[in-house]
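All remarks here apply to the structure that follows.
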């Protein structure tokens, strides 16, 4: 196994070192990138890895990135949908192996992502990148569906929250495509909602609602995070009560030191 | 002109001697004595704004379909109560302003009552002859907590509905009688009878405000009858001699100004800072929930209690003696208020001081009381903060379970630590003053010797 | 015309700025001297207070205008800003007056007497003397105590109409019966084939009140390897589908969180149902046992069956009463 991995890496490195002179298809470019960023955990040809590997591999332009070996699921059949989601959110490459994937600053360019997506899609037949149409969705239906299926973890206006051992993220940076993808994947510990559970038109409504929730109706003023009583309590004490104590100190006397 | 009016009223009421006494009634002057007034003015704002809201609110849980200006709830099923509050928030002119002012006033009211209570505790103002005043004040605090809870639960939004379910769960957890009590109050198992909201409404707009008003009247009357306590900031202030500012002309503009300042701050908040945006939460259903649901701040200590207690129901055979929520949701507040109510008697027994007190202690002058108070506040505050451990995890990355275990230990250890530190600080401050006094005396003597 | 306008402006200005000079009055015969001491005027204080009052006036009028026009997009903010600022301006004016325009006397007086022993004695004696005609004192005390107590109890008794107090059976009742179909929120019946792994669904008894605590259940499908039920619950799943009460046994919130690891080697915990209020976590593969959080009782499980047309039906009632624990929750099973 190890020999195979090293062999693949050598070939990949050779291809990289050979430079842009070789006319490469996106899949081939993707495969080279895969060898740089993904193979340590996801294994050769996306086979996955359930047993931890101890060796560090990788050289060439990617050698400055911390190479970590870890366990990872197989990518065969996950399709362009999954690859596109994980790469565009920056969930992958994982910054720290073993922890919850988080939205991160992208280290891959758009062209690199497209190449990797093409490569992963080629590993086995899987779902394509979805094309949601939130403008066709009904926002009231979206709020209702979101409250039913999503608000328990993500909070009713998508501010994120806590579930045992994980942190469902806020959705303010999620694009329509990413929401559609996440719903169909169920990343980390999130449930997976198939088209049978949430149809494409229902998904359009949910996405429309989530987009609304990024800048919801704040007719009452400063929204203090849409989190409810915790920031309200902070304002009560640190703003209102403090101000009123200051007013009292202006009006009343202060004790003089003896 | 003034004389004509005064004469007219005195002839018809005979009240001139009383008014004269009132005009020249003395207020000892210290800024911390105004905290109770701030609470009083918040209460007045509550009553005024609450009256307005009550004219638009509907206490019915009958289900209706929403057809109104707020898009995301179009066509959704909700109670009439929730819809009426949506109506106040979106359609009634100035409705949202008054609703938000009312809610901010409730939060600020309980905050300032708490500050006032802390002042009373740490200066020993509750001592003889003012124990009754103190107990009335504590009772008002307890009632105010319930009143606030009922107030925001009347809206029937998702957040407060979850809170009501928890309140029912805590009621059920009371040993031996919990379920019976819960059945009685709710008219059956949760969510209860369809007139449960009418019951909450009558308590919130009539019975409890009346109770608070009566207790407040008695509280203020007692303060006036025994006169306000004072610090010994001047030599001429003693247990027998009071120095203060008369009601008129000195205190009146200050109190009026404070009242308008409190109202001003509350209306500014009510217009500029959003509170409880119920259109974003949606209506309540027993089978619905959202992440991050919390009670209003003054019940945060209870959610902390409920989250900290490890998983167990105390059973004897098949009889469930103490269900889990009892410890954090019922026993904890009973202990806290039990201690506060008992404290004047405990202190009397402990120090042997049964004298009459009109002079206040500075916190440093009573190191024992201050230490116990600081430890007690630490205890309650830690449980309170534990209730937001999930938010701390989200914002600062501190593992939730680890936090829980930290708090479970800290609530027992930290009060002693902070109490001891407080005691030390008091003693050191007192010693510092002694040193200062001696130094000044030595300087005076030296100056006199030179002269 | 212009002259009159000028006169108007001049008089308005005089009114605003000019002040009446208080001439020192000589004491009239028989008049007492001052009670409130005299204090020096403060030009700056007066102007400041008047300016604040003027500003407060303008803002208050502004509030009425904003309210009436009702055109601003930030209507609530504008109303709050104008009204709040108006109040603060007038408050500031009063405080300026308190500090600079009003004599703040510091008067000495006596605290009232501690007690009135003579009055106390008189009161006590009046009460004692009044009892001269009654010979059976203790009996009367007892009689009044009894009558008063009984009357109070009687007057309080109608409060029992608020709800059942002794009929605990309501806590055991749920709408579920053997053969009752599971439907979704809109009333559409659930098929077993609708239920997929790594997802969670809410179901209600067909025709029942959805808001009843005994109604809502949460459905999940587990793989064979994820099911490890005790023997008494082994027959409860239908084709790997399990159903549990959606109401948390801790304090009654709805359990609508489901954590289901995508990649178990990275997260060996089983799929779990979680409550958002205090994070009680339940394992659906083991009968709803508590794996984290404060709940003291496992989640009640509903036995399922699949009918001939593939619809999910209840095969009986829950294995335990639903909802938060109370004193009798383990004494009896749930009743239809």
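Lettered A, B and C in written order, each chain numbered from 1.
Operating definition for what follows: a residue touches a chain if its C-beta (ideal position, glycine included) is under 8 Å from a C-beta of that chain, and two chains touch if they have at least 3 such contacts.
Since the structure is predicted, the reported quantities are computational estimates derived from the model, not experimental observations.
> Centre to centre, using CA atoms, which chain is the farthest one from subunit C?
A
> Return the chain pair with more inter-chain C-beta contacts, choosing between A-B and B-C.
Higher C-beta contact count between the two pairs: B-C.
> I'd like to verify one number: the distance from the centre of subunit A to the centre of subunit C, where each centre is the average of its C-alpha atoms, in whole angstrom.
One centre to the other, that is 36 Å.
> Distance from the CA centroid of subunit A to that of subunit B, rounded to the nearest Å?
Spacing between the chain centres: roughly 43 Å.
> In whole angstrom, what separates the CA-based centres of subunit B and subunit C?
The answer is 13 Å.
> For subunit C, give me the residues that contact two or more of the other chains.
In subunit C, the residues touching two or more other chains are 76-77, 80, 95, 98, 202, 256-257, 276, 279, 292-293.
> Of all the residues in subunit A, which ones touch at least 2 other chains?
148, 151-153, 161-164, 219-221, 251, in rising order.
> At which residue positions does subunit B touch at least two other chains?
Residues 29, 96, 100, 254, 257-258, 261, 265-266, 269, 271-272, 288-293, 390, 400.
> So in the complex, which bits of subunit C are touching subunit B?
Residues of subunit C touching subunit B: 36, 67, 70, 76-81, 83-88, 90-95, 97-98, 102-112, 114, 159-160, 162-168, 170-171, 202, 204, 210-213, 215-216, 246-247, 250-257, 275-280, 290, 292-297, 323-331.
> For subunit A, which residues are in contact with subunit C within the complex?
50, 71-73, 98, 148, 151-153, 161-166, 185-194, 196-197, 219-221, 250-251
> Subunit A touches which residues of subunit B in the complex?
Where subunit B meets subunit A, its residues are 29-35, 38, 70-76, 89-90, 96, 100, 104, 107-108, 111-112, 115, 158-159, 231, 233, 254, 257-258, 261-262, 265-266, 269, 271-277, 279-282, 288-297, 300, 362, 388, 390-391, 393-394, 400, 433, 436-437.
> Inside the complex, what are the residues of subunit C that reach subunit A?
75-77, 80, 95, 98, 185, 194, 196-202, 256-263, 265-267, 269, 272, 274, 276, 279, 281, 292-293
> Please give the residue numbers of subunit A that touch subunit B in the complex, ascending.
139-140, 142-144, 147-148, 151-157, 159-164, 167-168, 209, 212, 216-224, 226-230, 232-233, 235-237, 239-241, 243-245, 247-249, 251-256, 258
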